[in-house]
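After this come two complexes, each holding chain A, first together with chain B and then together with chain C.
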Partner chain A sequence: MSFPVEFCVLSLGILMLLVDSFFPSIDKRTLAHTAIVWLAVFLAATFFLQPSPLWASPNGFYETDALGLFFKRFALVSTILTLVLAIEYAPVVERFIPGSRPGAGLGEFFTLPIFTCAGLMWMASAADFVMIFCALELVTISFYIQVAFMRRNMASLEAGTKYLILGALSTGFLVYGITWIFGMTGQTGLRGISTVLGMVPQASQTALLFGIGLILVSLGFKVAAAPFQFWVPDVYQGAPTPVTAFLSVASKAAGFVVLMRVVDAFLVAPALQAKLVPALGFLAGLTLVYGNLAALPQTNMKRLLAYSSIAHAGYLLVGVASVGSPAAGRAIVFYLLAYLLMTFLAFLVLIPVSKAAGGDDISDFNGLGRRAPGMAFAMLIAMLSLAGLPFTVGFLGKFFIFEAAMRQQHFVLVVLGVVTVACGFYYYLKVVRAMYWQPAPEDAPPVLVSPLTRFTAAFLVTLILVLGVYPKPILDFLP
Partner chain B sequence: MSPLLFLILVPLVAAAFIMVGSNARLTALVGSATNLAFVLILVAFYRQGNGQPYQFVSSLPVIPSMGISLTLGADGLSLLMLLLASLVTVAAVAVAKTPEKNPHLFYASLMFISAGGLGAFASINLFFFYMFHELALIPTFLLIGIWGSGDRQAAAWKATIYLALGSFVLLLGLIGLYLIQPDGMRTFDLPAIIGMADAGLLPEGNWIYLLLLVGFGILVSLFPFHTWAPQAYASAPAPAAMLHAGVLKKFGLYGLIRIAAPIFPDAVVQFSNLLLVMLVGNILYVGYVTISQRKLDWMLGYSSVMHMGYIFLGFAALNPVSLTGASLMLFAHGISIAALFALCGEIRERTGTLDFAELGGLAKPMPAFGLLFGFAAMAAIGLPGFVGFAGEILVFFGSFVAGEPLMGVTAGGKELFQFNNYQIATICALWGVVISAVYMLRAYRRVFFGPLNDRWSGLGEISGPARIAIAVLIVVMLVTGFFPGLLVKLIESSAL
Partner chain C sequence: MPTLANYLIVSGGLFSIGLVGVLLRRNILIIFMGLELMLNAANLSLVAFSRFNLGQDGLPGYNAQVLVFFIITVAAAEVAVGLAIIVALYRMRQTTHVEDLDTLKF
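Let's turn to the complex of A and B:
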């Protein structure tokens, strides 16, 4: 029943491209504002959809269960926020794109996220490896373009190349893994696979595990789990900042939805479960340690957020490794939501600050507490929430994850988690230190913030604080 | 609105007003004075022994499926701690010197710390008990980092990372406490958990007790997790040190008395030797370290770490006498250390140094200052007449009779003559009293007596609100010291 939403998003994207091509004199920002309004309308429309029970669709390709529906909304919200960021960032893009007239290329910059959004929404519902693959490619290919969008900027081009090569590699892993699993089970649908595994629990495990392993590698690339995280820092730093935010939130979230669905399907066989859970636990532990330790010495804000995104993938993987606990699914979804709010808030402050300072270094935030108290406060809340301080939504995310992990007695992971949280306090508070302890440079230019950004930041701060104390409205919505 | 919620909201609202630009100092003073008056009213209205363990109870469900709710309530012990928190807040605001750099953030941070302390002591749901304590973490980081002295940046980092780590260890302990409850009954509601423990529904929870001990221990600066505290207190501006050393550090011991004592009494006894070794480390090792300090602020920081050892001893002995003594000491130490840090801040402001070698004879230009310091120092030592004495003596009596007696017991036809571990620890603690007399009196002599350095002959006397605030703290210690029954009566109904 929910096909129309994806098609609506897709049509919106095509329509925007047409308008952009045939009416070149239109202000591109107006176009983006219109797109935001329409996406908000679609978001409202999803609340009229009823989630169907799991495995209800006749062909097993496409599930509109509560999880899928939740992530469709997630994709829509993150696309809206990305567009808000993109509008703020537009002057920088213009500088790096050669064009015969002002604003050339901006139309595509605002349109591409919408196609990604459609792909993300399909991915949220995909319950068949074929469908997963197609949706994933729609997302990834549109990201290739977005990452390399600023074509006069070497960093952006370099990031695009890196992302393209490693993305293609990970796609190869995915397809290869799917063929192995198809070979062993004769199925591509997750429901079918899980039925077959349930009937022949002793099916050739080595081959199956090999296939699952390849898929884990590929999804590891997508969610930025160590040791498949090499591309993250360079790509995040080089890509246009709104794309970085989009990549680190939406692409990661979609990866986790697919991971949750795939892992769920294979858990029916206890023998597989016994091998899969330690493997996930190992990935989680490695990601936690790598992400947090590598974040410690960073001095560039975008790189810091890149490593922080690896670190958060670690906490999320701890949740995935705790599958089997009834609380794990809820913990992961809540954490992703928290991650969306706080990451977008951080990028929302980063863009005007780096536009004023001409760079993304943490030292560019020096004295922000005096220069722009409102923006500094928003950044403070974002950093505290990322660090996991109580009364923010980030704390509740960590609380639920730790609770699920302790339920499954993953004590090693929990200990690693606690130690790395302490690391996290160090590198997130480095930003706070810059804003409040350090004096502003004498010649610091004023930080100009558009009303839309200001409003969005205030909205996100409110959500982070309110949901951090009273998460019930979200928990009621969660699958 | 529930009275306790009002208590927590007052400083938060005050902080909000300050941030939007009202007169920072005045707003903070009015807010904290309102709270103090309100706590006194609550103490007056508190009815003992009416069958209700907690009074002024209110509850807002937050995550009902996990038993998480904002449940506030107070019994005698929480009221005592609330009284301490609001009293020290007023004093801290009164002695605070409005800084030139960002005064609004300064006073708002103080208000946040106060709200965190009040919230923690008023919560009987463990989840919010924990959350409120964390409210103070970032304001402390900012206060030390922006307005601190000495090596403030290093001190702020160390304290913040240490406290964050400790609080997440504590969080694991609390999650463990949640998970060992029988499925279907799980909750964070403290009275309900104690009820389960009394009904024998909880399995053995040694590992949880250890997590709680380490987590709370880091927050209270239990040896060997104490190294953050002296440095942080030495660098913090005086009001921040007063609030942190006087109020927030008490959170950990309060938590152990509140949670571990009623729920895991067996584990406390089982690991008593471990705790006794650590607390003797606090008293003797840190005590000697305190003696060797050459600066007043560092000495006070170490002394506040050292005094935690006595309170841990009261907790470890786990009998009503020792726990009553520990509760009294929480109050007594909170007030005496707040007064000392306030005076220390005044000296730093006047002279710019706290090095014993450079100070001396300050009682000559400032006799009233010297008198106040003398009172505060004696109160910190625990001389009779101050409430600290009542607390210490109860702790020592309680801990000396704790454990299996080995003295005068006939075993195998021979009468034993030896001390058990509690008694040995008590003897060490008694020696600690001597140590604290040595360093306090030495500091008093080096700062206020002896030859006066000419540089200090023109120093102005302590005056105005600071003088009144510190005098009030000392009067409170004297009154409760002569009539400790006032406090004992308040806390005796608490489930000790």
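Let's turn to the complex of A and C:
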């Protein structure tokens, strides 16, 4: 049964915009709560979709295989969590948006993630460069608006400008890369390209490698891989916090899906494989080292999470570099799922804390263990899982990735990975130290947490711990 | 009669001019022009490839030509959003120079 879930999400977004403009008296938070309920309904509906095998669909543009279906759910879940964060963050947004009436601009703030979600879901199923390009741009352009959303806040505007320029630059690379691949193979569909490459494996190597290289650069921008990571810290720090979380989870995951599909299509030719795998391994190693080392001296929580997001892109790239192994795809998907849980949990705690303290510094977490024990515990779990402590989902994610890399004999990458994990413990535990061993300032305002946020945080903590001990149900479920 | 190579050289030139503009110029509006130039370089070579490399049935690859229309549309959307952000920035800081963007530490 086919069911256009992307169009449903798109219609929901348009409907929300209409309601927002024609009924200005409606409370915007109610609108967001309604959107969450509808997205949950769509999420449930995707379980009635039947995945069709990748190369079997009649239409070369759009594939509903198991991987695509999984990432549609991933996009829906991360959009729901982003909306929960956005509701918590709404007062801050209101402060930085000029408007004649209270809540002006909030409607758009809650609606834009929904359009992004539709783009992410199209990206998950895209099997043709035309489709990949359009979906990617829907996601990227809606992110430009979201990053620069607080237009009376210099940091947000500056982050938006930087993201705009570097995002558009990566679009330029992507398009030019697609051009050369089309020129050499005469195809834009990934299936067509791998058929052509299978027939003429030696077809003008240089031009083809040039095209693939440009596409790797552009996807490297999207997934925040070094040396294309320089926009990440600034944009993550300046963007509204829910958008930062959305950007670091959903945008990265969609980038990895496209990367996996593109790399898969080009691995048919052994000559290309011999060049592509070392290139990916090099990117992975560089990203691991850069992300983890640069995170060490950070004092701003959002910047720390930005570097941690670069570091996690490194572990995921180790998985992509081991694509030959059948376990690699599953390892990447599991890692992304773990990354979703722990990153959103960290941001869920960060928003109320920074709202109370008025800043995002790690020192604002001082004494949180006393001031808000529940939230401090949630942050503790998130940090331990991000660091990769056993019995959390983050540990299993790294374990599966390294296992896949061992099978492909990427020993250097595994050693590098293990060393950088140790490095990661240092900066993640800095936050834990601030929460439990540093005294709270005398005049620390109370941390107020809404019931919805509290419930979501408890849910995420439970999932991280349960899946960390007993991952079998989710592993059976993964594509 | 221009050949495929002529078109590719022009398109490569446009792409390089755009890239150098993005990397070297300091005014955000000029940088934006460079970005547009890069997209148009891709458009030119896409159409050239599609026109010169005919398929077995003697027809050009139409997917590429459709992609060109999508690129034009997306570029327009990007400009709309981008200029809005730049205008908002100008209202806050009265500047369009990248050196003045120093709120976030590097």
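Here is the rule we go by: the second predicted complex is superposed on the first by the 476 of 479 C-alpha atoms of A that agree within 3 Å, B and C clash if a C-alpha of one lies under 4 Å from a C-alpha of the other, contacts with A are read in each partner's own complex, and residues count from 1 in each chain.
To be clear about the criterion, a contact is a pair of C-beta atoms (placed from the backbone, for glycine too) under 8 Å apart; a residue touches a chain by one contact, two chains touch by 3 or more.
Keep in mind it's a predicted model, so treat the numbers as computed, not measured.
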Item to complete: Name the contact category of A:Q146: first (chain B only), second (chain C only), both, or neither.
Response: neither
Discussion item. With both complexes superposed on chain A, which partner does A:Q408 reach: first (chain B), second (chain C), both or neither?
Written reply: neither
Worksheet item: Should A:Y470 be classified as contacting the first partner (chain B), the second (chain C), both, or neither?
Response: first
Discussion item. With both complexes superposed on chain A, which partner does A:S194 reach: first (chain B), second (chain C), both or neither?
Written reply: neither
Response to the item:
Across chain A, the partner (chain B or chain C) reaching more residues is C
Worksheet item: Which partner does A:V421 reach: the first (chain B), the second (chain C), both, or neither?
Response: first
Practice prompt. Scan A:L389 for contacts with chain B and chain C and give back first, second, both or neither.
Written response: first
Worksheet item: Which chain A residues qualify as touching chain C in the complex?
Response: 128-130, 133-134, 137, 141, 144-145, 148, 151-152, 154-155, 157-162, 164-165, 168-169, 171-173, 175-176, 178-180, 182-183, 186-189, 233-234, 237-238
Worksheet item: What part of chain C is in contact with chain A in the complex they form?
Response: 11, 15, 18-19, 22, 28, 31-32, 35, 38-39, 41-42, 45-46, 49-50, 53, 55, 61, 63-64, 66-67, 70-71, 74, 77-78, 81-82, 85-86, 88-89, 92-93, 101, 103-104, 106
Discussion item. Can you tell me which positions in chain B touch chain A when the two form their complex?
Written reply: 61-65, 102, 105, 130-132, 134-135, 137-138, 141-142, 145-146, 153, 157, 160-161, 164-165, 168-169, 171-172, 175-176, 178-179
Worksheet item: Of all residues in chain A, which touch chain B in the complex?
Response: 369-370, 380, 384, 387-391, 395, 399, 402-403, 406-407, 414, 418-419, 421-422, 425-426, 429, 432-433, 436-437, 469-472, 475
